[in-house]
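Report on one structure; see the data block that follows.
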Amino acid sequence: MILQTPILALLLASALASAVALWAAWFGIRLLQHWDLASGSQRQLDLERRTELVSTLFGFVMLIEIAALFLLVFNADRMAALFVGAMCAVGTFNVNGWGFPALYLKITLFFAAALWLILDRVDRLGRDFPLTRLKFATILGIAPLVLAGFATELAFFLNMKTDVITSCCSKLFTPSNEGFAAEMTGLARAHALWLLGAAGGAVLVSGAAIVLRKRGERLFALAGAAFFFAALTAIVSVISLYVYDHPNHHCPFCLLKREYGYFGYALYVPLFAGTALALATGLLKTVANSDSLAGVQPKAIRHLTRLSLAGFALFGIAVLWSIATSQLILFG
Amino acid sequence: MTSWLRRQRALAEYTLAALARRRIKNTGLLLIYAMVIFVVASATLFATALRKEAEVVLAEAPEVIIQNLVMGRHDLIPGDVIAEIDGIRGVASIKGRLWGYFYDRLNGANYTLMVPLDPAMAPPAGQAIIGESLPRVREMPWETAPLFLSRTPGDLVRFDIAKRLSSDSALVSTDLILLNEANFRAFFELPEDVYTDIALSIRNPREIDTIVEKIGRLLPNARLVTRDEIARTYQKLFSWREGIMVLLAGASVLAFVIFAAEKASGLSAEETREIGILKAIGWDTGDVIAMKLWEGGLVSFGAFLLGTVLAYLHVFAFDAGLFASVLKGWSVIYPDFALTPGIDGLQLTALFFLTVLPYMAATIVPIWRAATADPDQVMR
Amino acid sequence: MISVQSVCKTYNEGRPSALTALDGIDLEIARNALTVFKGPSGSGKTTLLSIISCMARPTSGRVLIDGRMVSGLPERFLTLERRRTFGFVFQRFNLIRGLSVLENVLLPATPLGGERRADAKRALARLEMLGIAGKAGERVEFLSGGEAQRAAIARALINDPPVLIADEPTANLDTELAHRFLDIVSGLRAEGRTVIMTSHDPRIWAADQVDRVVSMRDGRLEENEA
């Protein structure tokens, strides 16, 4: 274990989140058993009041989890100086077997948290608690994620030893390797850009369909998800090269370093936000269909779509900017 | 959206008015809160500054140092090794270094005696350049007072002072005495052509590993220390001490959290009545919670700002007088230097997580309890 | 305008301390009328007032405002309904100490997110109409009983509700001030508002301005007087 303030902060946040998630899940079970909107009984009244508290608290926890994802990555990048062979966050996450699981869990939690927060917000707009049951059912699904996130994070930090020689990003993101990261790296650069462009086109068309014609929400969600993976692939395969001005440096984490002006955040923050919002439109179309949301749902979906498109657009601008200002010429 | 903003502004205004009405109670809370943050913030700011300092110092250190080992202990290294290594490609420069420690029986301090690597920096014969704490611990009466060093009882060697080092890099130079090579060898009675260790500078950092490997084969008995390793050790040391401090401060955070929860749940009759009135005249539970969150937010923000600013002053203007000894280390000679002021986003975020989060967590349930008061209770 | 249908209210349901405050009330309240609930303490008139004004939910039965069912609404929306429909004047006025008259009057508008300056303008106009505009900046602790009540009335009207609810409004006032209060209420009715109040003050039951007195005992209606 390396005692460091950011690590202590992350562990504290996760511990608090776990405690709240457990409590919220326990309340969720009670709610699913006894929820009866028709009753004016004291128990129903208490349940209704308590949903206010649990929703607020759990929403708070979800916000913390979103912030914690960034703290985790930022801290990992900073800690790379402590490990032999580590140049960036990859080395830190690779220090033991728990690093990447912890990161992936936090990313999953990010999306779960964003979707849950949007569900919560829409639920509060309906007069008859339209999504409350669903909201608490999802808490039952998210709570284990929060706990698993805490456990892996704890294992990651407790098993950190600085004398371990870890592998640098150049060993992970190289076409000659086997595995997913290497596949992404090895994808032909032109293909990666075409893929990204196609996904971007799909996002734009389906997004426009929602805003103008009020349809195609699920398609937009799908396109958003596809864009997310296409974007990650393109970052590893091409975009990173432009940022580093180097034909063989593929690492998607070095982008987050100060040396490159923290450019990675300009890519990842809008990309993650845009994707989460796109997923939310599909979710709302699927679940928010009660009468009490009839006036709310289409407006909310269009609003989310616009925000999501704005996120993707910011990502696109960042990509174009990195290509335009790069010294590197890959095509032509 | 504008209506949302206006609502928040109106709530904030009301909260400010409410805070001002209970000035004494809230100032007390704010001060205690700020003090807790001050302790944690001082520790992190100080450790961050120390890590920066070490980085600055190490930036000029040689990439690799070769030490001779005899029976596993550091020993003098013969000068002919230099010629052997000189052939290896990638080595930009190679120099034998002379340095050693001297125990001063007068005051129990340990000095580091050293010959500068750059001959132009070396003082003329019979003179010395000294670190900034030496005049202090030796109580030198005037600026150019000579330095007398006594190796054995009865022995006395005199050095005139050529220069005093500034305190820019005081953490490592504070106990330093720089001599020229001839004086150094004479002082320690060293034979010609041995060195304390050998410093290499290597231009391309990617080649360090290969070069170290080659030298390792050439000199199987030598120990090779790279600059990165030293940097890591410093980082670890300071981070660890910081962590210990923060953990200790955690106890005070905990105490404060209990205090805050107590405060929030034991609302005075006056406050309970007010919340009842607000609910009765049309405020929603959510409005009351939002108002109370504003209250918590304003108090937290104020305390965070106050605590951090005070910690900043404490560390950078007053040299962290309260616990510098814990973080720097134990030695007769404490470096006396001003740290380069700097604030680090990551540390601040971590600090925020560590102090504001527990406060929020401790107060939100009592807030909710107060906010769910029945609106019709003022009529009963 | 407001329709109460077989409403029951039991406190501490299912416990030994259970108390039935209302036992099957049916009542229609006319628009733009002044209705007074009278009865001894414990007769349930305040409970009925709080259920009518969306402050509490009935244990059973229905409440409709302008044909909209409000009795089954979640608390949050009940509050919305209440804000939109009712203004309140309480027996002890319930002004918040330490704030000025104007700040008190603005309180109900605070969480609505309206234009602050327009709100303040309306508040001042209302205070002017009630004759205490000169006290707008003064802290409420320094008001006399009659002034405090008028500040409370101004506060009740800041969001322009169609119905004014008053709980024992004249209990702490002398005869002259009680008559002043009834005059103010007449003025409000002239603006088209409905007024509902509880009172055990005979001066009120006998007043000309009152349209209807509803008499209650042990959680039931006793008789209606025209």
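As written, the chain order gives the labels A, B and C, with residue 1 at the start of each chain.
As a convention for this text, contacts are C-beta pairs under 8 Å (C-beta built on N, C-alpha and C of every residue); 3 or more make two chains touch, one makes a residue touch a chain.
The chain lineup, named per UniProt: B = FtsX-like permease family protein; C = Putative ABC transport system ATP-binding protein.
Since the structure is predicted, the reported quantities are computational estimates derived from the model, not experimental observations.
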| item | value |
| --- | --- |
| Centroid comparison with subunit C (C-alpha atoms), farthest chain | B |
| Chain nearest the overall Cα centroid | A |
| Pair of chains joined by more contacts [C-beta pairs], A-C or B-C | B-C |
| Whole-Å separation of chain centres (CA-atom averages), subunit A against subunit B | 34 |
| Euclidean distance of C-alpha centroids - subunit B vs subunit C, Å | 63 |
| Distance from the mean Cα position of subunit C to that of subunit A, given in whole angstrom | 50 |
| Residues of subunit A whose C-beta touches two or more other chains | 49, 52 |
| Sites on subunit C at which at least two other chains make contact | 75-76 |
| Of all residues in subunit B, the ones touching two or more other chains | 285-286 |
| In the complex, subunit C residues that touch subunit A | 13-14, 57-60, 71-77 |
| Of subunit B, residues touching subunit C in the complex | 2-7, 9-11, 14, 17, 21, 270, 274, 277-278, 280-287, 290, 374-376, 378-380 |
| Residues of subunit B that touch subunit A when the two form their complex | 40, 43-44, 47, 228, 231-232, 235-236, 239-240, 242-244, 246-247, 250, 285-286, 289, 346-347, 349-351, 353-354, 357-358, 360-361, 364-365, 368, 372 |
| In the complex with subunit B, residue positions of subunit C that touch it | 46, 49-50, 55-56, 75-76, 79-80, 82-83, 86, 88, 90-91, 94-99, 103, 107-116, 155-156, 159, 167 |
| List of subunit A residues in touch with subunit B within their complex | 2-10, 12-13, 16, 20, 49, 52-53, 56-57, 60, 64, 67-68, 71, 74-75, 78, 81-84, 162 |
